[in-house]
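Encoded as structure tokens, here's the structure I'll be asking about.
Per-chain numbering from 1; labels A, B and C assigned in written order.
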Amino acid sequence: MKLFNDLADFSAPEVADLLQLAGRLDEKPEPRALQGKVLSLLFLSPSLRTLASFQAAMIRLGGGAFVISPDMSIHGLETRPGIVMDGMAAEHIREAVPVIASYGDAIGIRAFAERRNLDVDVTDTEFNALRSLVDKPLINMESAINHPCQSLADWKTLDDLSVPKRGKFVLTWAYHPRALPLAVPAATLHMAAMRGMDVTLCRPEGFELPDAVMAKAHAAAEQSGGQITESTDPGTATEGAHVIYAKSWSSTRHYGQRHEDEALRNELEHWCVDEPWFANAEPACHFMHCLPVRRGVVVSDRVLDGPRSVVVAEARNRMLVQMAVLHRMMAG
Amino acid sequence: MKLFNDLADFSAPEVADLLQLAGRLDEKPEPRALQGKVLSLLFLSPSLRTLASFQAAMIRLGGGAFVISPDMSIHGLETRPGIVMDGMAAEHIREAVPVIASYGDAIGIRAFAERRNLDVDVTDTEFNALRSLVDKPLINMESAINHPCQSLADWKTLDDLSVPKRGKFVLTWAYHPRALPLAVPAATLHMAAMRGMDVTLCRPEGFELPDAVMAKAHAAAEQSGGQITESTDPGTATEGAHVIYAKSWSSTRHYGQRHEDEALRNELEHWCVDEPWFANAEPACHFMHCLPVRRGVVVSDRVLDGPRSVVVAEARNRMLVQMAVLHRMMAG
Amino acid sequence: MKLFNDLADFSAPEVADLLQLAGRLDEKPEPRALQGKVLSLLFLSPSLRTLASFQAAMIRLGGGAFVISPDMSIHGLETRPGIVMDGMAAEHIREAVPVIASYGDAIGIRAFAERRNLDVDVTDTEFNALRSLVDKPLINMESAINHPCQSLADWKTLDDLSVPKRGKFVLTWAYHPRALPLAVPAATLHMAAMRGMDVTLCRPEGFELPDAVMAKAHAAAEQSGGQITESTDPGTATEGAHVIYAKSWSSTRHYGQRHEDEALRNELEHWCVDEPWFANAEPACHFMHCLPVRRGVVVSDRVLDGPRSVVVAEARNRMLVQMAVLHRMMAG
């Protein structure tokens, strides 16, 4: 495998194969599979799970990773093309990325969503610019519009929990004081559709996902036999749900417009997932979230601390599916 | 071993066994013992020795570690229970700790002493709350009231130096411009008592150690055949000493009261261990300190740079005893 | 090998031997050569390549590294001798360095140039003080006046590119808004002379390299059969060049005098290496730089992005030559 950027690049059997490998590496460790192999990790935005789980994954396979992030003492990184670098930044990403990649057998990059221009982010302009600088196997560790490691981990979590392939998967917007990227909702919607599920996207007016994101998810549903419905009412959206997956994101109506986004979002503090949201769901309905999650804001303590919540299992699966990806990229 | 939180949880023979293993791993390395094994390291307060020595310990045994600390770019960690997270912190310790633990075969946690309420710190409320979130083998890398890795390393250092089991061990308060935690003095007093030594705790009025700490140390002395004396006079306390172990700590009379603590402490700048402190000690009396130490404040340069000082040996033993603990937790 | 501080400590055949080992480790990996071995890395100034390439080098050889730098949460490090530590810093380098060294089988240290007193920096006072605290194999990861890892990597790059031993090597000063250390120009001049090249040092008035640096390079040239010329005119200096190696550095006429340095340097913004600099060079003349480099300031985008630039190859060779050094220090 040369690129792990998007689940859409893989067929359903290929995904099944990766998940099977992830499970096998959990049960039968291979502590020498990547002996002497190096994973370069470049973080252009904050991380906890990704930072920890990729390092742990490499150690479990007998190799190792190093981390570079701009908050380290590294002179600052310039990203703008064609600029005269007479300011603070002493190094340009055009040198930094190839150099960092040159030290590894594979590289993982976390880029940021600029959240100024929706088209720029939906087409993953920033990440694709970084990609073009790398000639090693590359892992998208979250870009403006994708998060394939999270989606693969979530898919494994659904399988681990025996959530039916045709089960009802509700992806719901939730309140958060800040405008967050579209990567997780876009990737999650597509993942659930690709798994063949009965997906409901539940979000307030003004928080629709972009047309290109919806079209891609619909195509995946058509291929898999799943379906996608949209709703603005959590009460009806959650009826019969096997899974409620919460996530906050930016207003797409006012993308990059901070004040307009805030005005819209600040009316929506009641979009906090709590036990009543599960009233008409399946009795064993699970609560999912990619973390980090704000308690009492996105979801209530009682849901997060109760038996519905599988957020730690999702996070642990990050490590396992990444081990599978790394194994495919570097072993043998 | 599932928990390394307190030397008091171990019998003297069990400690001897750990120290023997530490010595053996120093002489006969086992670079494959922990192949593919991962240690999660969570630092909620600053560290140098602990940070470096645990990473080095895992590499020496063939595994590896990853580090998470709040000064990294990780969105901030909330620790207060039941809070509505609408401020800066984007993640709660209730998710972060189980997730970080889930990536490792064992986890080390350094907690902080809040230094507001003495009872809260003496009962290690903060660390115990973190402990309850972990279902993996757990190492206390310093909590409000304990530092078992330091104590085990110091025990090994005493053995390495052939300091007599019944030798005189003087634990003395020293001046420091800031109010520091009680973890090291509490753990050191108990360790020396458990080793069976003739322990003198030397501290100014107002810097007594808490009753619970004293009672625990007395119980250990009773068990081991050692004894504990208290003194406010370094001149008499150090008579016949085989070891002077210096450490500063907060006033317990004015615990959490910054101005009152300062008023008391600022009269005590002469509590800086210097050569005259050794005048009536055993000729070969050693100087010990857990580091970091402030030169010219806690101890004079000539003591620290002279032959009495064994502070670097203590620090190196941190790595070796931790290798023993990690080996017991994860090997085979 | 106990010390890798200066290429001048090695004979030309010894350098050739190291470069051969670097090449062999690239072609035939030895992922168990340093199993269980630890490299301590201490950074007293910022780094990207050094930070990443040493970690990657250790992993490739089956061992590992840990990193300590003052920007970590480690209480601050005091470096001044004989000081009463009643300020912010809680630990002195006199304890920190031996402790950090004690956890490794070798240690790499990056020191800083104080850039106040030229004699202090030219004699590497700071680094030598740190050296005296270490009793383990030691690598200079850049000091005030040396950067042997960079020089060895650059030598390998010249060999990889089949640049003739007697080819023309132009080391040219370039504009940069800040006064930078002398380590790279001093080390590069010596390396090219030691390789036997026809070296031209091209720098504006006021940016001469110190006498001791020149004398050492001349001695190397005499030994190798190379030669050294100085020039203040890039137009003539670059005639027939096989390599143009750009680097900015402090004014030595106004060393440590910020305003005077700036006044001089700010007249020299046209010292930005661009395509016309190669007009009279050999057609295949290479552009070299140690990175990080400021685009549009030190060198134009078109040179850096064009086929002349070998800066990424230089950076990758950092890892390979360091693997050779580490192998010599710790294997077998």
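Here are some notes:
The definition used in the following text is that a residue touches a chain if its C-beta (ideal position, glycine included) is under 8 Å from a C-beta of that chain, and two chains touch if they have at least 3 such contacts.
Worth saying up front: this structure is predicted, and the values here are computed from it rather than measured.
Counting the residue numbers used at the interface between subunit B and subunit C, under half appear in both copies, so the two copies meet with largely different residues. Rounded to a multiple of 5, the C-alpha superposition of subunit A onto subunit C involves a rotation of 120 degrees. Distance from the subunit B centre to the subunit C centre is 40 Å, each centre being the mean of its Cα atoms.
Across the assembly, subunit C contributes 64 as residues in contact with two or more other chains. On the subunit B side of its complex with subunit C, the touching residues are 29-32, 43, 45-49, 51-53, 55-56, 58-62, 64, 69-71, 177, 291-297, 301, 304-305, 311-312, 315-316, 319. The touching residues of subunit C, counted against subunit B in their complex, run 35-38, 40, 63-66, 68, 72-75, 78, 82-86, 90-92, 94-96, 98-100, 102-104.
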